[in-house]
Every structure is written in structure tokens, then in C-alpha cells.
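The following pair of complexes shares a single chain, chain A, combined with chain B in the former and chain C in the latter.
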Partner chain A sequence: METRPRGGRKSRLRPGGLAWLAPGFVLSVGLIYYCIFYSGFLSFFSWRGGTSKMTFVGWDNYAKAFDSPVFWSAIWHTIVFFVVVFAVQVVGGVAFATAMHSGLKFATLYKVIVFVPVVIAPAIMAPAHIQVWSSDGTANAILDLLGLGGLAQGWIGQSSTSLMVVTLVQCWGAVGFGFLLYFAAMSQIEQEMLEAARLDGAGNLRILWSIILPNVKATTVSLAILNFITALKLFDNPWLLTQGGPAHSSEFLGTMIYSEVSGQSRSLGYASALSMILLVIAVVVSVLMNTTGRDRPARMKARRLAPAETGAQDV
Partner chain B sequence: MFEIRSRAQRLVLQLAVTLAMIPFLIPIVTMVQRSLQGRGWGNYLAVLQVPGFGRFFLNSFIIAACSIALVYLFTMMASFGFSKLRIRSKEVYFWLMMAALTLPEVVLIAPLYVTAVRLGMLGSFWSVILPIAALQIPFTTLITRAFVDGIPDALFEAARIDGASTWKTFWYVLIPLARPIAVAICILVLINAWNSYLLPKMFLINDNMGTVTLLPEFFKRQYNDDTPKVLAAAVLTAIPEVVAYISLQKQFERGMAFGALK
Partner chain C sequence: MKKRVVAAAAASVFLFSLTGCGSAASTDTTAGAVTPASSGEVSWWGWTPDTPVAEKYIAAFNKEYPNIKVTYKNYENVDYRNAITPALESGTGPDVYDISPAGGSPDTWGGFALDPSTLAQQTLGADWKDKFGTGYLQQLTNSDGQLTALPLGGMTAGFLWYNADIFTAAGADLPTDYNSWVAACKKIQAAGKICFTMGAGGEDTFPTEFFHSIANSVDPAWFLKAATGDAKWNDPQGIEVLNIIKKMKDDGIISKNVLDAGQYPLANEEFMRGKAAMVQMGYWYAQYSGLESAKTAMESAGVSNPTPFVQLPLDFPDVAAKGNGSQVFGEADYGLAINKDSKNVGAAQTFVAWMTMSKNGQQMVANAIDLIPGLKGVEPDWTSIKLVDPTRQQPAIATLLQKSASTTQTRQWQTTETTLKAIVVAVQQVLDPTVHTSIEDIAQALQDSSEASTVGK
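Presenting the complex of A and B:
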């Protein structure tokens, strides 16, 4: 395990540590980089897996993706989904966090209600969501109750609304997460600053806009990046609710890749090409967001948060 | 945050927040309500009597426990190495690890599938545990290293001077001191492993290896879309998660909040 110290006081106190690093490094970096390179390799072949013949096709799989209307609609769905979920998460998260910081009664109960959707697996909740949005579901019953029965429809089974259902179901689980982060970020704002603003005659909305929001900007940027990655790799909710359909109307890159890997007409080369495209988008966008959006990278934030923390930090 | 002067304002705010809870409750109420349709609690009994129902929980437990153990041990060791030991050009290793930080798991499934088939690992728990652990380790190492950096070197040097081996220093100095961050890591991995759906769906093809996230599909097949029973199964599966969250609220929230620092 240990490498012998080479002499000198400092190095005797600091033993060599490559062996300590190795297991985690080999497992994570090894597996992940292996998969990426293998995926890159496979993306130049046409292959149905197993013992079937593997043919080199060059860039054909990539060309197939860029020519495919399904691919472009998946990209479009990803963008729409990202924008809506992010907006709902920020607005809902900030609203709940400020409300709970304002001395409401039953705050813990509210917190549990909005956070339980974050904790339960989408796969477990999916049957319930289907019941809400099916043609004899709760959504239509509520519309009926409000006297809007004319609007009732089979939300989940028609291509004009399936994307909306997938997006709303994601929002259901995302607001609590935004709330949690904003709630924590807002506890860091100094009371003096708020009091000073109040003395200067600032109203509640003014305080929200000019003090609270600028102070939680780092959280907003983190949420933007997280949501973007979530949208890009989205699989659970669309697959469980609509299988990407009907007629690809709620297709995402994640569901496309899965169908290519596991479907009847397995096409591993095409799936790999889609994976590589996804990876490139993910890397480019998160680098862009990191360099333009944040004052300091999250790494610094983690470092600042961590040492002082001894378990007493309130979230 | 806000100053609420009048009682009327307070009441309005309270009412508004209460109303805003309704959308969050709708799916849960629907789930419970419709799970009781038809035979009422009999649906639950029927679900509980399906052979192999407990097996799904056991499988999820095995996967979560192994993922947590792997991630915890490897993360602690790596953070110890990065932060307190002498490694030549360690920042290069660190940077290589961090490059994999936001990697989406879907990207891995095509190559993983091919590899699992080739190695005969399809239908083995390792084909799920190893990718879950591999995807968590870069992030857990990032936050743990930052935490361990904050522990004074003097503590480790003192142990060294007192004659403790590196292994002993790790075990008696680092592990106890890093406990606060370890709890957050374990919860984070627990949630991710317990809720993972894509990897088990891809690799655990036999019903006797299914995880809780595959239960709804299992019951759909078992009962030919007998919705109340499918929902009863979903309720039973959700209960442990909700109970775990409510009894460990703070730890859950911290674990999740750390997950956002990526």
C-alpha cells in the first residue's frame, strides 16, 4: 500500500498516496472514459449488437441524426422543456422560499408537501400521474368542477398535449428542489441589509427584486446548469408517461437513445452517435454557462461551504 | 424576508401558500384514492400477497447498500489521497476526474450494454452498481476533498509523529472527522441508487432481480392493467421513501442540496 518515504522531513510526514487514489479513480474515470471512447468508436459502425455483422459506415450515423426530423423535434422538446421547467422552478422556488422566510405558520408541513415529490422516484409516481392526466382523470374532473368541462381532453394520449404533460410532471418534482436551494441561499442574506433597505423605504417587491434576487444569483445559475443537463438526458418521465409518443410528440434524446439500444430494431451505432452528440452539447453548454453565468465556479462555493460545516448547518 | 405588518396580509399570504399546495397534493391524493377503488384495502392485500413482492425491495436495498459502500470507501480514500498525501501531479488526476462531473448516464448505456453482454454481466447487480458508483464518485470526491482540505494538516502530522501508519491515520483521524460530509454523501447516493430507473430497466431483465422502480411495470404485466392494484403497489413502494425522508428530513435536504453544487 504505502510507498517508502524518500527522506526529508516534509515527505516523511506526507506519505505517498497513489494507492489511495487508485480504486476510485479506476472505477469512475476508467469506466466513464472507457464508455465515452467506446461509444465514439461504435458511432462509426452500423451494428445490431450480438453476433450480427459490424459494418464501418463513417459519419453516416451522424448524418442520419442531422437529417432526421425526429432528432430535431427531440432537440426542440429539450429546449421547451428546459425553459418551462427552469422558469417554474425559479418562480415557484423563490416564491415558496420567501414566503417560508416570512414567518408563516405550518412552514414545516408546507416544506414536506413540496419536497416529497423530489424524493419519490419518478418511476413510482408515474402510474399516479397517468391517472391525473388520462381522459377520465383528476385534471378533467377539476376542469369540470370549475365549469370548464368543455376543455376536458385526453391530455396524455394526444400529440398536441403530451409534451405539456411530461413538462408539468417534471415541474411537480422540480419546484421543491428549487425551494430547498433558494431557502438555504436566502438564510445567508444579512438581516442588516434588509433592514437598511426597509429604512430607506423599500417595499416588499422592491426588496425581492433588488436585494434577495441578486443575492441568490449563484443558486439560479446552478439551477440553470442542472436543469439543462436534466433536460438533455431526460428519460424517466417521458418514457414512463408517453414512451416519447404519440408520434414522437414527446420524444427526447434520452428516449431516442434508449429505444435504439433496447428496441426491436436495435441500432447501437446510431445510439452511440446520438450519445456523442448529446455529450458534446452537454459539455459545450455547461462550459458556456459556467464561464458566463457564474462569478465564481461552484467548486469555490463548495470549498467555502464545506470546512465550516460541522453538521449544525440549517437547511 | 418580508415584513408583514397587518394581520390581513398575513392571512392572505397563508391562504395563498395553502392554495399553492393543492397541485402538489393532487397526484398523491389521486394515487391513494384510486388505489382503493373496487376492492378497497383488498387491493393492498392482493399486492402484498404477490410472490416476489418483497424481492424488489431486497434488490433495491442490495444495490443501494453496495453503491453506498463503494462510493463511501473510494471517496474517502481518494479525498485523503488528494488532500493529505503526496501524489505527483495530483491535480492532473483531479482534473481528469472532474471532467466527468456532469456526465449524463444515458450516454453510457450503449457501450455499457455491449460490454455487459460481452462479459455476461447482463442480469447481474454489478452491471447496475458499478455505473451508479462510477457516476457518483467524481462529485462526492469533489465535495469531500474540499471538506478534508479544511481539516488542519497538523492533526495528520501529529498522528504520524505518534507512530500511526497511513492506514491508522485514515481510520482514526480522517474517517471520524469527515463524518458530517459522509452523511450527506450516503444520503445522496441512497436517493440516486434507490430511484434509478434507466440502469435497472436496461440490465436487470429478470423479474426476480427487479428493483422497486420496476414494480409498477411488473404489476401492469401481472394484473393486465388492473389500475387500482398497480396504484396500490405504487403507494406501498412510495411509503418507505416518504417515511425515510420525514424521519431524516435535515439529512435528506442537505444531501440533495449538495447535489446541486455540481
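Presenting the complex of A and C:
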């Protein structure tokens, strides 16, 4: 195999490559990384913005966050939300995707029905969800019809159930998104593999467990990362439905940050500290999930082949 | 070499970020001797008034100053705060902008404004300070002592509004204390209506006004003492206030759906739809006593072809039964500031002076009956206001206006936002049937999470 000298190729491509990269690089540094650095800087100050006094407070904003029971309850809500939504998304997504791959009649219609919640903006659906879960809403009316009126309650307006409402509403759209990705991933599984399993006497559940799920593992890992990041920066649904209440019972980091920024007092330093904490958690967890979620043999193979592959790519 | 260039570029980006955040307008806030102009263009930004009301103000202003073109841009509250800062910092802000006394706003945005003292003195004379509503100028002064804006009007709260038609139909008497409130609710609920609608869900700070009203019945001086650190929220008064709120829920004065949403839309819609007999709202609600405003508000609440009902103000019942009665609390609602970077200072001064200090401008404010005029002595011209039932509503609103103008107890100016949020959480915990924390513990948590204000001390 003939290889070209790496240095020579780089020297020929560098000027043109940089020119192509420059606009994206400038935009990225100018808009995204500037904001991150700026937030990091602000997180060490007490500042309301404008001409208000900017006071250096060191790590106080971080200490305030870690001392705050609201912060820890927001973290707990994030974990609960992530686990429930992810579980429902995986189970629902796989179930719908396998059903659609099994030659169901009117499959296209079902696909549309399952996917529609994904494309509807939370702001549009929020009033309907509020109506469903209010004290005199649809959920309680259904319970009454079923003779379970004793279970009727103010779902959205009490601490014990507000998080459940926010989570359920998110599941409503998450299943459709999970279905979309699993449906695409399952299309990539070779039919021969499934047929061979059938010839070996494997039933539907066995095929699902031993053939389909391992083959769509990358999709599951991607969904886990996406769900975790969604949970970390969750804002729209809890804000539109409960504004994080009552009494912070459905508070998330996103609603906390917004609340600090949007209030009359505008605690920009504290909000920035919360944002930096969120960023660190998101990066660390994403890296961990991405690393541990990959197949062990694939990782080992990647390590073994890494130098050779690097060289080959330069060819 | 290349590494050094990259490092220098990175350092530049970082330094740029540092200098960007510290930028602030200079501290030179003297108004100078710019003469108010009779022509020019003025841009005005605010979260209030609503655009139709602002357009009425501007049309009236243009009758006297036809050569000054005023353009108003209305923002939602949060959007306003997010839009005004970069606009003012970058020197592209409006010529005139709203400033609220609450949340330290005079410190946040007042530094971008000209001190209008000279303008006020030239317009109103040496005793100009005495001509504005009590405390309004102090509330719009920042911590450097600079007056940042001139008050357009004030706002008060601490009382109820009731639907007189529902009370008549139910044969209920107006409540004056706790027991008569319970009695009225029984009759109103028997007639198929909600007695007292309230929305305490979400982050809206409305429940603090309810808490404040009850606190005034318990001990009129206590709320502001606690807000400014001279008393504690878990003092006996605080425990009593929370116990009264709990009792109101248990006795059916407060509806079960109280935590489903905030005061807006929940309580506003239930009252405007004619489903509820009473609601707690501030002076701004007086505007819905007007025939056209009432129709519009009812339509907005979902009533088609509405027939406006008679709404009247009602003193907050003396729920603590200590003879303290009801006390209205209020402060300047907002003021108009002149941007010191404005290229139209002369025209902006003319507009602000007309709105805040002229008889005609303040008469417009008074006639809208949603603000207490910033200038003392200006009252609504009742002959030009069409009320639903003038014989009952006019004297009631006039009395409320009189009480409002004379109040010395502030509304939110001396209460930090941290404390307001802590009160909201405490009230929600008391009203939440699934929270089993004791009142004493809730009061202790309120005290622990509050932050005493130093404003006005």
C-alpha cells in the first residue's frame, strides 16, 4: 500500500482548509464560546446587569447553589425525569418500531399518529395539558366516570403529583422520537440475520432480545445522552405547566436559571453559576455515557487498530 | 510564532469578554441645560401601558405638540428586562423608557438616565418634590441618590373586588371579618358560584399581596418590619398569618383549585366570566368598571357577547378580628426615564414633562382609572368616563383613590425578590393538601430563605 508523506499533504491543504473553517470558527467562538466564557466570568460576581454594581464574590454563587435545597431537589427531579422518560421512550419506541416493521396494516397512519406529538411545540400543547390535569380537568372527569372519583385531585397544583404531570407530558412526545430512531435503526438490521434466527427456532421475544436490541444499542446510547441533556436543560414543559411549582416541587435547573434571570432582581451571577454547573454535568455525563455505552469488543478493536487506521486514513 | 498569534487571539477574545461585561454608562447624570423641544422624534419602550392606552396618551400629547412624533414599543415584562439592557449599553436604546421602583430597577437601569430634577424644577417650581405622590420620587431614586425617572402613576393593593350582581342574587352580605366571610361564602356557593377566586400556583408573586393583606389585619406594622429585617417571618404574627390562610382553605373561603395556576389567568378569568363573587386585585382593576373595558376584559376571558356586571372595591375583611381593619399598600408603579445617550433629549423632555407633570397628561392617566396619577390633586374626570353603574361605582372608586393616594405602606419596594419568592413558597405549602409540614416549620423555612431589604431604611 502506497502512502503519501503526511507532512506534505497537510502543507498543501492547510491554507484552503482554514479559509473554509474560518466563518464557522469565528461564529462558534464569537457566539457560543464567548457566551460560555462570559457566563463563567459572571458566575464569580453578584450583578443585576445594567449599571448596577458588580461585586466580586469568588465562589459564593457556587456555594449558594450547593447549599440550596432547591438546587438539590432540581437535580433529583432531573434524575427522576431522565430515568422515567428514557425508560418509557425505549420501551414505547421499540414496541412501536417493531410493530411497524411487522407488516401492520395502516402502518403509515400509525406512524403519523405516533410521531405527531414530536412536532407539536410544547407551548401549543401546554394549555391542553393544563386543562387535562387541573382540579376540574379531564383526568378527574375520567376518574369520576369510572367511579373512581375518590382519586380525583389537583394533579398539577400539588407537590406530590406536579413532577409526575411534567414527566408524563414529556413522555407523550418522547415515545414518538424514540420510535423514529428505532424504526430507522431496525431498518439497518440484515434480514438474513433475522431469518437465520427464525430457522434456529428463535421466537419473537428471543429475536427482539438477542438480535434487535443489541443491533440498535447505538441508538439506545444516543437516546440516553440526548435524554439526559434534555432533562438537564429542561425548561419549556415545567415552566409552561407549573413554573416549577408549587413550592419548587417540579423545579429543574433550566427553570431555576430562567427564574433568576427573568426576575425583577436579575441575579445574573447566580444564574451563570447554575449554568456552569449544568454545563459541567452535561459534558461529564455525556462523555461517560458515550465511553461506557460503546461495545467493549468494538472499543478494544478501536484501540488495537487505532495507529494503523490513523495511518490508513492519511492515504 | 503561530502559537503566539493563536494565544494572543485567544487572550483578546477573553479580554473582550471581560471588558464587555463590565461596561456601564458613565456616572455623569446631570441633565444639563437642554431646553425642551417642540419638534423631533421620540422612541418610548415599556412593559406598560398596553399599546392602545399608550396610543391614546400619544394622540392627546400630539394635540399640543403635533411636531413631536412618539413611537411606543410594548414588551412583555421579562422581554422588556432582557431587551432594555443591551439596548441601553450599546447606546441604541430608546429616548424614553419605563423604570419600576421594584427589584432595584433604579440601580439597574437608572444609570443610563438623565436626572430629571432640573426639568421637574423648571416645570413645577421650587416645591416640585411636594407635588408628586408621597414617596414616589424616593422610590425612583437609585442608591447613588440620583432621581432616575419621573413617576407616571402609582399602584395600590390590599383590597378585594366583588361582583355585586352575584352578591345580590345569592342574598349574601359583604364580608367585613372572618366569620361574615365564611357566611357569605356559604350563600354564594349554595347559589352555584365560587366565593373567592385566587390563583397561587407557579412563581407569580401575587400570593404575597394576599399574605400582606392578612398580615395587616394581624399587625399593620409587622409585614414591612419583617421585610426589612426588624422582625422575623416566624414571629407569632407570621405564624398567625399562615394559620389564617390554612383556616381559609379548610373553611372553603379559598377554592380547592387555588394552586392550579397563577392569579392570571386563573382568578382573573373566573371573576371576569362571572363565575366568582370576589377576587383580590389592585387598583388597576378599577379600569374594568368602565363599560367598554369591562366588555373587552370579559371577552378576553372567553365570554361571548358579554353583559358587564357591576364590580366594586371592598376592604379586605378583618380576618384576624383584632380591630386593625384593612390597610391599603402601594407605591409608584413606574416612571418615565430619559436616556442620557438620546439624540432627542429636548423632545424626550417635552414628552416626559407632559406625561408626568402636565395637568392634561396626568388627566389622561387618571381617566384611564388603572393608575393613581403621579401628580397630586389630579382626579378622574367622571363626566368623560362611562362606568357600568356610575351611581355605585363612581363614589366607591373615588373613595378607593383617596385611600390609595394617602397610603404610607409600600407594596413591594421594600421587600426583596428573594423574600417575595419565599413567601410564595410558604403560602403554597400551606395551601397544598399533600404537604404535611407544620405551620411553625413553614414559617421557619420562610425566615431562613428570606433576605432582608435595606431599601428605604
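One rule holds in what follows: the second predicted complex is superposed on the first by the 278 of 315 C-alpha atoms of A that agree within 3 Å, B and C clash if a C-alpha of one lies under 4 Å from a C-alpha of the other, contacts with A are read in each partner's own complex, and residues count from 1 in each chain.
By definition in this document, a contact is a pair of C-beta atoms (placed from the backbone, for glycine too) under 8 Å apart; a residue touches a chain by one contact, two chains touch by 3 or more.
Fair warning: this is a prediction, and the values are worked out from it, not measured in the lab.
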item: Three-chain arrangement built on chain A, chain B and chain C clash or fit; value: clash
item: Chain B versus chain C as contact partner of A:29, first or second or both or neither; value: both
item: Partner chain in contact with A:156 - chain B first, chain C second, else both or neither; value: second
item: Chain B versus chain C as contact partner of A:222, first or second or both or neither; value: first
item: First, second, both or neither for A:48, with chain B first and chain C second; value: second
item: Partner chain in contact with A:59 - chain B first, chain C second, else both or neither; value: neither
item: Between chain B and chain C, more extensive residue contact with chain A; value: B
item: Touching partner for A:72 - first (chain B), second (chain C), both, neither; value: neither
item: First (chain B), second (chain C), both or neither touched by A:209; value: neither
item: Contacts of A:18 with chain B and chain C, given as first, second, both or neither; value: first
item: Location of chain B clashes with chain C - one stretch out of 75-83, 111-119, 165-173 or 237-245; value: 111-119
item: Residues on chain A lying within both footprints (that of chain B and that of chain C); value: 29, 33-34, 38, 42, 49-50, 261-262
item: Chain A residues touching chain C - in the complex, by the definition given at the top; value: 29, 33-34, 37-38, 41-42, 47-54, 130, 134-136, 153-154, 156-161, 242-248, 259, 261-266
item: Of all residues in chain C, those that touch chain A in their complex; value: 13-14, 16-18, 20-22, 24-25, 78, 81-82, 84-85, 88-89, 100, 102-105, 107-112, 200-204, 256-262, 416-418, 421, 425, 428-429, 431-435
item: Footprint of chain A on chain B - complex, ascending; value: 1-4, 13-14, 16-17, 20-21, 23-31, 34, 70, 73-75, 77-78, 80-82, 84-88, 90, 93, 96-97, 100, 102-115, 117, 130-131, 133-135, 137-138, 141-143, 146-147, 149-151, 156-157, 160-161, 165-167, 170, 179-181, 183, 191, 194-195, 197-198, 202, 212-216, 220, 227, 230-231, 234, 237-238, 241-242, 244-246, 249-250, 252-254, 256-257, 260-262
item: Chain B-touching residues of chain A, taken from the complex the two chains share; value: 1-2, 11-21, 23-25, 27-36, 38-39, 42, 49-50, 95-96, 98-99, 101-105, 110, 112-129, 131-132, 137-138, 142, 172, 175-177, 180-181, 184, 186, 189, 194, 198, 204, 207-208, 212, 219, 222-223, 225-226, 229, 232-233, 235-236, 240, 253-254, 257-258, 260-262, 268, 271-272, 275-276, 278-279, 282, 286, 298-299, 301-303, 305-311, 313-315
